[in-house]
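Here chain A shows up in two complexes: once beside chain B, once beside chain C.
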Partner chain A sequence: MFEFESIAVLRRFPGLALLILFIVLFSLFSVFARRFLSAANIEDLLAGYSFMAILAIGQAFPIIARGVDLSVGSNVGLGAMILFDLNAIFGVPGYAAIPLAIAACALAGALNGLLVTLLRLQPFVATLATLAAYRGGVYAISGRQLYPEFAMHSIRDPWIHSLEAYVDVGRSLGLGRLMKFPSIPLSFLILIGVATAAQIVLSRTRFGLDLKTVGGNREAAHLAGIAVNRIQVAAYTLSGFSAGLVAVILVARFTTATEAAGTGMELTTIAAAVIGGVSLQGGTGNAFGPMLGAFLLGVILIGLTLMGISQFTQQILTGLILLGAVLYDRTTWDHEQAAHARNG
Partner chain B sequence: MTTSEGVPKLLRAEGVGKRFGPVEALRPTDFSVEAGEVRGLVGSNGAGKSTLIKVLTGAYRPTTGRILLNDRVVQLGNPHTMLRQGIACIYQHSTLISSLSVSDNIFLGRQPATRLGLVDRRRQRREVESLIADYRIEIDPSMKAGSLSTVKQKEVEILKALALRAQLIFMDEPTAWLSHSEVQKLHRTIMDLKRRNVGIVYVSHVLDEVFRVCDSVSIMRDGAIVWEGATAEIDRPKLINIMVGEKLGRASMEAGAQVRKPRGAGEIRLSCRALTRKNVFTDVSFDLYAGEILCITGLVGAKRTEVAHGIFGSAPLDGGQIEFGGLRARFRSPKEAISRGLGLVPEDRRRDGLLSAHSIADNLVLVALDKVSRFGVLDGAAQRRLAMRQTENLAILPRDPSAIVATLSGGNQQKVLIGKWLEADPTVLVLDEPTVGIDVGAKAEIYTKLRALRDAGQAVLIISSDLEEVMAISDRIAIMVNGRLEAIHDTGAVSREQIVAEIGGD
Partner chain C sequence: MTSQQDRPRHGERRDFLKSVALGAAAFGIGAAGPEMLSPSVGRAQAAVGKTLKMAFIQFMPHTVPAAWSKGIEDVLSKQGNIDYQLLDGQAKVEVQISLMDTQINDGANVIFLQPVDSVAIGPSIAKAKRAGIPVITLNIDAVEDHAAHVEMSHYAGAMDIAKSMGEAMGGKGKVVIINAPPGIIIRDQRTNGFVDGLKKYHPEIQIIADQPADWDRKKAQDVFTTILAAHPDVTGAFGVNDSMALGVVDVLKQKGMLGKVVVFGDDGEKDALESIEAGELTGTQYTDVYQQGRFAAATAVVLATGGVDASSFRAKGHLLIPYVIATKSTVGQIQPDQRW
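Here is the complex of A and B:
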């Protein structure tokens, strides 16, 4: 029967189902939400969700290793504040401050990894603890609170500033006169770079396969001679690294760092990763899925906003979408288990 | 055996021992294997086989002794070193990653890389294909490991070892989930490996297989090797006696010669008519009498487990009638089945049956909570009394109800699982593969217990692929092939060969 076959195809290419869903929702909002399909709105979508997509790709690494990083949001806040302090208070120029902030976030990620491996804490518990601790750190080092004169200070460093740029694709392709094209924010181009690199790492390198092995069957990984702890620490470090990138992008965008920057992002990134086919059971996932997942959330939330649905409803909706994605993950997993039992 | 002086032993362990805190899991032991030798390693659960294998494959670092490979001392306690030196192990439980392809699994942790540091998939595929051709194993290297059947997964594990150009392969209970023809196929591969001068250590509870494929055998007991020699120099009774001691050995020998009671007391406890589940099983009908043991046998995949779960209410049924104790019954949930007096001891004790992180006592009361609680509150003293009674009754070791289940040997875990169901006083008890992976001694004890249940008038239904077991314990044998119940025989009136032919084995 046609219907069953198409479902079978979707099962074989889980990314395809996501892409179709994305296109369907995008088309629906284009028709029903006024201003949705406008260049300005597409710009908003790209600028507002590219960083979320970067974070979701970072989040995919611990999840593939059968963990989770709840501290990403706080880590973003920490990185942003470090960048702000370095530049505003200590006068460190952007070309030095940016790598330092990213390194600090990667280090904070590595610390998560060490808590999980050396202290053998549950990833959920370890990163819940650092979620609180890193956020506390943000308040403790907040230059805006320590030095009242910096409260309204905005970053003017040319290096940091240059990251908040838009590329006018329409003009560079010479099509600008035909119709108005959205300008592509630089953060989206960074995202494309990150996603491509992450995809190659996950599918084509030893590290990527080792990561899936550790997440799929920890004991088997150990017996195959894989340095399990090192792989896990690397996964959390990469998640921290992505938080650092996002911190820099956010500071560039808002020319300041607030104490609340990044709050709540952990949920959105986990939702995006799971929607993107990164199984919470560990062992599976790619980089493009989380990216698409993040933009899917973006399309839904922005589309609903344009249709006049309140911000609070959106938060409820994010929760519901996460729940739905986890349930879907659970059922496909059960399905595979059942299929396996049938074969066995 | 090809023993000649001066030829270096493939692997030689000298005085290796392993201690976990105060517990000596492996007493200092010598062990060696030659190239092209198939060595059987047998012993009861808890005799130290697993510890010895883990020490030899580098998964554990021994507390004493040293290991030599081709007369060179190797670094201890590092699985990676041992793998690189060509020591592979096929573990009883799958070590495949279901989300990765067959060829990625075969090269797990040591994928070939191109100059750019990317995995060289083309080279990987070429090597896998040449291995597949070489050993005539039919498998698609691009399939995801999770979508393969259990047998195919075992073959992938073997390919994994072969791809290492392993000089020595440990096989821990390799046939535990294989059907008869598959076992023979595995044995042909072993003979092939032997011809190519690969050493093999074959760990199995199935003594028939040990006698069939092994050149020599090492018998372990209480954490040490107690006998070693050519398979030709020892026979089955002697081997069992050494392995489990005189008394249990005799009990397990006697297990074969028992009075059969087909149709027991004559009262039908469970009657199934035309049970059907679409695309799974069709038209399954049988009666189970009080005071008999009925075994359902067949190949892996004959859907016996699915029938049992259908009756128990833990899997759907699309058609058919069930009468339980003379009344119509179609249980919608295990809870309902249990309350009416049906018990099911599931196949995979680690996944479906036991709370491994909890104590023996906690596990034993699980289905009999009503008995030890008043107004919903657990009565600690009653729980302890019940737990003590079952640990005595089933001779569970250690005799300490507060011991954590995960620390027990497989046989003792199985006893806890059975004990748990005995406490619910079922009138019909269904057991799915009750003795897979447990040793002769524990098997004999479990058989004795099941017979006692039968003699007390309970109806016992056993699903088993182990023909030795089926012939030993059943009063009647039902045969399932591909989701159909083909025949029911009185055990005394049918030969083992006839059953092998009927279930579709070789």
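Here is the complex of A and C:
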């Protein structure tokens, strides 16, 4: 019974197990991987995984609604190419092109929601279809492909360029002389904003509660008078919106949009969300879990690379952690079901 | 030859030992080896006796980077003081950028790079340059200036392919190009070389389609099948790498059209050479890629041991590797130990 009790304790503080795992791994790498605990490496970790964390938070919304968004990666590619085309080919300045690209991604997300609700497609099937369709769209509108003179074009728009900035925290706090602080990439600050907003939406708003109800028990939500379809469409729209933000961050970093941008990110974000305690059974999840999940994957990959361990080992380890997270999720869910059965 | 066969096994053993060390660490045994305690090595100014670090960030797992890596390891392992790592970019720019960051932070002395995108990797190369680290690109050049670029003579090679291909087609007919994705300089070099070569040697041959198949054999099969449906009168196909050319051969074989379309690849991998010997693929530009890796490694060793910093370069260095146009009549010259 000890096992169940310890799991019950962990459940009372969602994300506690993950936080402990994160701290343990982080400490281990700090001791055993050379230069892991250096300002430059923390900077790399923040720059390299903040966008993945934003996407994982977006992914959490459809999963909480008991769905999934497999198209996020393609949607990122689409948003990036729209931004590139608008700015490079049509000369639309960044301040107008950035919101347009984000809006297009949100719209693509809403379309996913409509396929799931109006056409009653399985989320897996609907978003698998748009995964292919949106990627096809990227190639179809690729300015680098349509106009060879733009193939080697680097975006120099000041609005877009300024997003790839670093904030020197040490100096602005006046602590720079005490120790070397990592410069914080702007994408991490965007992430903090997104995570805070998402957490408030999930825990403090009517929409957040309704979303969890829809994901936990669709029928009950329907009977309680919740506009189930509208909630689901909103969840996919938010996932699309996060893809738009990431598209803008990537274009700023790449100075171009690649046709393959975002490929495979769907799996990483789902893994990060699940590791972050967003249950695949729907109905539960918060915003900080997926964020921590994304950084956990980053810590493992960067830590093992710094230790010189082969990438195949890294992939196996990532798989094992994901498996562990899913099993942990299942155990707690089964336990909860058993508790419901006992009480009811 | 035996030493060459042994080497990968050494690499595996090292990985295995490191995994064991990690395992021990995870259990709190605290196996801190001397390597982990050694002081950091200054970048690009290592004195004799200090360990140098180099890494190759490849595009994705493929025959070409695998053979380069073997060639690089050949040379580096003989130096005795160089730690070398092969890292996989997984065909994703963001992965390559993250790996570049890790290498810069880890104080690599030289980074070998096969960029996934010539433009998008630019800011990362600039970052390495600011840290003083020379970056050597292999085959796929980058828009951002860097220490050196070592390539298979893309432009001249593709011109010779056009010449040879036109001869096999009797100087007339319609060709298609199965191309690389945009945003990669090698695509332009090989395409331009081919187009200019046809103009110069066989002006009557028409190019009727030019479509990307992302370096991939399977994708090339789909792309060529579609092209063939629209243009059944195609008599020539140029795959910008061998994998894509072999994809075209797959389709022709399946449709019983072998011999009706002249197919050329580029690179010269073992499968392509065997296909030429079997009378399926018409030809390819063959480069000794082991040798290319050794040349790149030799450049890197000289730079690193000579303490040459990335800021000392006035311009990007270029090195073109000699090649052979391999067809049924010339493929026999290529020795078994040069095949990769």
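To be clear about the criterion, the second predicted complex is superposed on the first by the 321 of 344 C-alpha atoms of A that agree within 3 Å, B and C clash if a C-alpha of one lies under 4 Å from a C-alpha of the other, contacts with A are read in each partner's own complex, and residues count from 1 in each chain.
Here is the rule we use: contacts are C-beta pairs under 8 Å (C-beta built on N, C-alpha and C of every residue); 3 or more make two chains touch, one makes a residue touch a chain.
Every value quoted in this text rests on a predicted model; they were computed, and no experiment measured them.
*Asks:* After the chain A overlay, clash or fit between chain B and chain C?
*Replies:* With chain A aligned, chain B clears chain C, so fit.
*Asks:* For the overlaid complexes, name the partner, chain B or chain C, with more touching residues on chain A.
*Replies:* Between chain B and chain C, C touches the greater number of residues in chain A.
*Asks:* In the superposed arrangement, which partner chain does A:174 touch: chain B (first), chain C (second), both, or neither?
*Replies:* So A:174 meets neither chain B nor chain C here.
*Asks:* Considering only touches as defined above, state whether A:158 meets chain B (first), chain C (second), both or neither.
*Replies:* After superposition on chain A, A:158 lies in contact with neither partner.
*Asks:* With both complexes overlaid on chain A, does A:91 touch chain B (first), chain C (second), both or neither?
*Replies:* Touch partners of A:91: none, neither chain B nor chain C.
*Asks:* Touching A:210, do we find chain B (first), chain C (second), both, or neither?
*Replies:* A:210 contacts chain B only, not chain C.
*Asks:* For A:226 in the superposed arrangement: first (chain B), second (chain C), both or neither?
*Replies:* First partner only, chain B.
*Asks:* Angle at chain A between chain B and chain C: what is it in degrees to the nearest 10, using CA centres?
*Replies:* 130
*Asks:* After the superposition, pull out the minimum Cα separation from chain B to chain C in whole angstrom, please.
*Replies:* 33
*Asks:* What residues on chain A does chain C touch that chain B touches too?
*Replies:* After superposing on chain A, no chain A residue contacts both chain B and chain C.
*Asks:* Which chain C residues qualify as touching chain A in the complex?
*Replies:* By the definition above, chain C touches chain A via 14-15, 18-19, 21-22, 25-26, 32, 36, 40, 83, 85, 87-88, 90-94, 97-99, 101-102, 104-107, 116-120, 122-123, 143, 181-183, 185, 187-188, 212, 214.
*Asks:* Quick check: in the complex, which residue numbers of chain A touch chain B?
*Replies:* Within the complex, chain A touches chain B at residues 200, 204-206, 209-210, 212-213, 216-217, 219-226, 279, 283-284, 336, 339-340, 343-344.
*Asks:* Within their complex, state which residues of chain A touch chain C.
*Replies:* So the residues of chain A in touch with chain C come to 28, 31-32, 34-35, 38, 40-41, 44, 47-48, 51, 139, 142, 144-145, 148, 151-154, 164, 250, 253-256, 258-261, 263-264, 301-302, 304-311, 313.
*Asks:* Which of the residues in chain B come into contact with chain A in the complex?
*Replies:* The touching residues are 57, 59, 78-80, 83-84, 89, 91, 94-100, 104, 108-111, 113, 117-119, 121, 146-150, 177, 300-301.
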